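Below, chain A partners chain B and then partners chain C, in two separate complexes.
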Partner chain A sequence: MEVKEQLRNVTAPADHLIGGRMPAKPLNKAAIVTRLTLYTLAVLTIYAFFSFDYKELDFMDALLGTFANLKTIFLEPHLKHFSFGHALYQVMVTLGLAFLTTLFGAIIAILFGLLAAENLSSKKTSMVIKSLVAFIRAVPTVLWVLIFAVAAGLGSTAAVIGMTFHSIGYLIKAYSESFEEMDRGVIEALQASGANWWQIVFQAVIPSSITYMISWTFLRFEINFAVAVAMGAAAGAGGIGYDMFMASSFYLDMREIGAITYFILAVAIILEIFAAKIKRKLKTA
Partner chain B sequence: MQADIFAKKKRNTLAYLCLLGAVTMLAMVITEYNAVKGIASIPKAVQWGMANFYPTAESLEKLPVILEKMQETLLVSIAATTAAAVFALLFAIFGSNTTRINRFFGAVTRGIATVFRNIDVAAWALILLFSFGQSSLTGYFALFFGSFGFLTRAFTETIDEVSGGSVEALKATGAGYFSIIFQSVIPSSIPQIISWILFMIETNIRSATLIGLLTGSGIGFTFNLYYKSLAYDTASLVVIVIIAAILLIEFASNYVRKVIL
Partner chain C sequence: MKALLEVNHLTKQFGKDSKALTDVSFSVQEGEFVSIIGPSGAGKSTLLRCINRMIDATGGDIRFQDSQVMNLKKKELKQVRTKIGMIFQHYNLVNRLSVIENTLHGKLGTKSTLAGVLGLYSKEEKQQAVQILNVLGLNEMIYKRADQLSGGQKQRVGIARALIQNPRMLLCDEPIASLDPNSAKVIMDHLKKVSTTMGITVVVNLHQVDVAIKYSDRIIGINKGQVVYNGSAKGLTSEDIQRIYGSEADDLIFDIGGIHAG
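For the complex of A and B:
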């Protein structure tokens, strides 16, 4: 009797399987969240298109106009309001802004990155710094620049300080995460042998994560170049971005925008190729 | 012998530091950056912020208007990101080494993505301003182009990473191109793809502020309006709203990432 009941229990799920099709993939939490995220994004996107402020814009007209403009911009570039040499110098200024902010950001971020890494400092310090970083990163760079501009005046000084702020936030996050990947055993072994905190940091932690740090820092340099262009346009930081803003808003000279865009594009692509080379070199080393 | 190695290491480090110092000096000269003024401006900015940069009761009345603009900016960022993601996925599939149709086509798609990625959103905004004017669409397309370039690179790398072996295995069983893409490549890379999309939305909200400043739309314009008219209390409220929105999105995306990755 008991055996029979058990048998029925065993065969029961099988009946159910024969009746319906077995689901191809069990629906777990991850799958549900994945789907929900995609659906939410899709719904919000559709809603967004209905809610846009079109300002009585004829969409097709504008789109065709843009294509015509893009053709003018990219196929007939010229420089009218300044010379090739001047443009090159302005590119150097923008690169200089990016370099300074990355360097200052990196130096400060190494110190705070060490304090933010849970395995090198206390949990409390790490928490405080990490929430501070989240706050710094949440404010867009341009707002940092404009806020500092009230104290320092619009110009490259405010731009460097404001951009450095955001770089610090970004690099602390990157550095502390690579420090935290460090093997706990190494730190413990060094502690046991009587090494102090600075010795652990300089002999073990930084040497073992230096490749990550270099590639993150260079990535930030690339980002800072783009940001420096934008700050030149939006916050009076100077450099090629300012010329682009003038060409767009004052001279309304599309061909000049084209020429400037080519300059920016060339530098960005050179930086990207350089970054790929560094990455490859670090990987093999 | 050993002393030699250490001496050499020291010399190398010194040389690098000298080079770094020289480049720094050069950069400071050409950008006209004033180090003393820069450092002095930090305490000054803090002092000023404490005195002026906080919302007052008066500015709270403007909160509904600000929230409405914030919502507009959020929607623009999300819509631009998702639309860009669809195109980027297509380009990534054609551009990835494992799933491309042929070498030439792969190189072309990668090249297009490189161009789009390396023209900054601010530059796109200034270009698009000519024909789209001060409408939401200027910001939308600027973000769209920038996100498209970035996401194509991210998705390409994801596909390269996750699907090398499985694509080869499926090819060996005789599966067709489309069944390989839809049954293996996309399902196995979807968690990473969603993670990148969420990251891009966060980035785009920040960029949208900048674009708004340049093109006169969205939350960036609202900030600029109050900032330029010296209404710092209301401007600070705008900043707080932006911070809240970004932290909220970050929190949501961190949750999603934790569950799906």
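For the complex of A and C:
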């Protein structure tokens, strides 16, 4: 998906080199535009630094202060307003939010992913679902949470619905593309023996795509974990994100922020290791 | 005797004016081994797929047993399809599943949706699968994954999947086109055995005229969507081959007498 698009972008200039004559100077229209843009941005950046309203602020002091803060956060972390057990519990809450929204998303996305796959559905249905999904995905998760917060109020309900919503869109695209990779001939073979759509889906399509589906689902789980942390702070969805929000804006305790950051980092690393293990297992299976 | 399959004035048109089949008529008797030969693009695959309605024909009619295939509703069509096994050039197995799971797929058409979805097969069905795999010489491979098999072994699983349907007829679309000569011979021998010992009718698309002559009771030659030969394998002459393959026939250099002798 995105990767494919990036690949295309990467190969495009190469095509141009192979296709046409090697230009004497690497200065074509695109290069000039890129350069001009970069120069303009550089000038604007420098101008911005001079035009900021620094008030009484001494730049050097501020820089040193920031480093001092970073040092406090990352080198002297401690927990003061809540215990280790509490932090662990809150991480679980955040993980729970990520898990729940990924699970809801996955279940709903399987059904719509099947309908969105051109080889399992009609061209029209597939088109309609794919366009809807493109729209859902174009709006960031956080925005969906805020949109649902209008009806449900800011809190865990809005977070669950909003995050599920975006997960559905993301996973429909991922799943339907895995389904479309499916060999047409296999579907034909089962149709020819009188099997019906549901039987073909569960006996041939899903077994053939299951590794992709698990990979994509896990990737979405990792994304949802990060979003769940942010939602705890921004939308009052609870969990470790909320504690971070309290530590920073209510208690102004930088060391606690550091401790929480390490906590989240640890969980993220564990998830990453777990994901890598699963993927390796799937590849060999 | 009433024919098992009867095809009358069958036509198939793709798009506006590309006719794949024009007024094709023939019948196939119970237990007969029939080969369909013809140059590439003649319409062999199209013809085979029209018979079990993987493709809907444009005109004409097809009778299989007592069913007018062209008029069948969805459910009745599935019913008829369970009686017709199909075998493909590229085997079309589910690579990630085991040999026995792939074989049992042939039973899906006769199962309830839920049982099929959950892959719940009865003891008898499993025993039948094992027995068929034994006959096809795959007894050691039963729990191997399909993608670990050789081409010839995969095609034998394809045959097993078709046989477990207890079909009246097998439709084979170039079953040996991707195989080396030895595996091809094994597959053709199995198909012949299926036809003679089990009384199952076999209709097979072939590219190799010599193989068709060797194994078939009857050969149907198709050129540009029309039947240009329909007769015994023994009666096929070089002129017939010329008519079936047109200008391509010159490339098919072989001694027809030698084949008949062998």
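Simple rule for what comes next: the second predicted complex is superposed on the first by the 220 of 285 C-alpha atoms of A that agree within 3 Å, B and C clash if a C-alpha of one lies under 4 Å from a C-alpha of the other, contacts with A are read in each partner's own complex, and residues count from 1 in each chain.
The rule we apply is simple: contacts are C-beta pairs under 8 Å (C-beta built on N, C-alpha and C of every residue); 3 or more make two chains touch, one makes a residue touch a chain.
Values in this document were obtained by computation on a predicted structure and should not be read as measured data.
Asks: After lining up the shared chain so the two structures overlap, which partner does A:Asp183 touch, if you call chain B first and chain C second: first, second, both or neither?
Replies: second
Asks: Applying the touch criterion given at the start, work out whether A:Ser193 contacts chain B, chain C, both or neither, answering first, second, both or neither.
Replies: Only chain C; A:Ser193 stays clear of chain B.
Asks: Would you sort A:Gln203 into first (chain B), second (chain C), both or neither based on which partner it touches?
Replies: In the superposition, A:Gln203 touches chain C alone.
Asks: Once the structures are superposed on A, label A:Met213 by its partner contacts, choosing first (chain B), second (chain C), both or neither.
Replies: Touch partners of A:Met213: none, neither chain B nor chain C.
Asks: Which partner chains sit in contact with A:Ala109 here, chain B, chain C, both or neither? Use first/second/both/neither.
Replies: A:Ala109 contacts neither chain B nor chain C.
Asks: Chain B or chain C: which reaches more residues on chain A?
Replies: B
Asks: Identify the residues of chain A that lie in both the chain B contact region and the chain C contact region.
Replies: none
Asks: Provide the residue numbers of chain A that touch chain B in the complex, in ascending order.
Replies: My answer: residues 29-30, 33-34, 37-38, 41-42, 44-45, 47-49, 51-55, 57, 59, 62-63, 65-66, 69-70, 73, 89, 92-93, 95-97, 99-100, 103, 134-135, 138-143, 146-148, 150-152, 155-158, 160-161, 226, 229-230, 233-234, 238-239, 241, 244-245, 248-249, 252, 254, 257, 261, 264-265, 268-269, 272.
Asks: Residues of chain C touching chain A in their complex?
Replies: Interface residues on chain C, with respect to chain A: 52, 54, 78-82, 84-86, 88, 90, 92-97, 105-106, 108-111, 113, 116-119, 158, 161-162, 165, 171.
Asks: Could you please specify the touching residues of chain A with respect to chain C in the complex?
Replies: Listed in rising order, the residues of chain A that touch chain C are 183, 185-186, 188-196, 198-204, 207-208, 210.
Asks: Within their complex, state which residues of chain B touch chain A.
Replies: Where chain B meets chain A, its residues are 20, 23-24, 26-28, 30-34, 37-38, 40-42, 44-45, 47-49, 53, 72, 75-76, 78-79, 81-83, 114-115, 118-123, 126-137, 140-141, 190-191, 194, 197-198, 206-207, 209-210, 213-214, 217, 220, 223, 227, 232, 239, 242-243, 246-247, 250, 256, 259-260.
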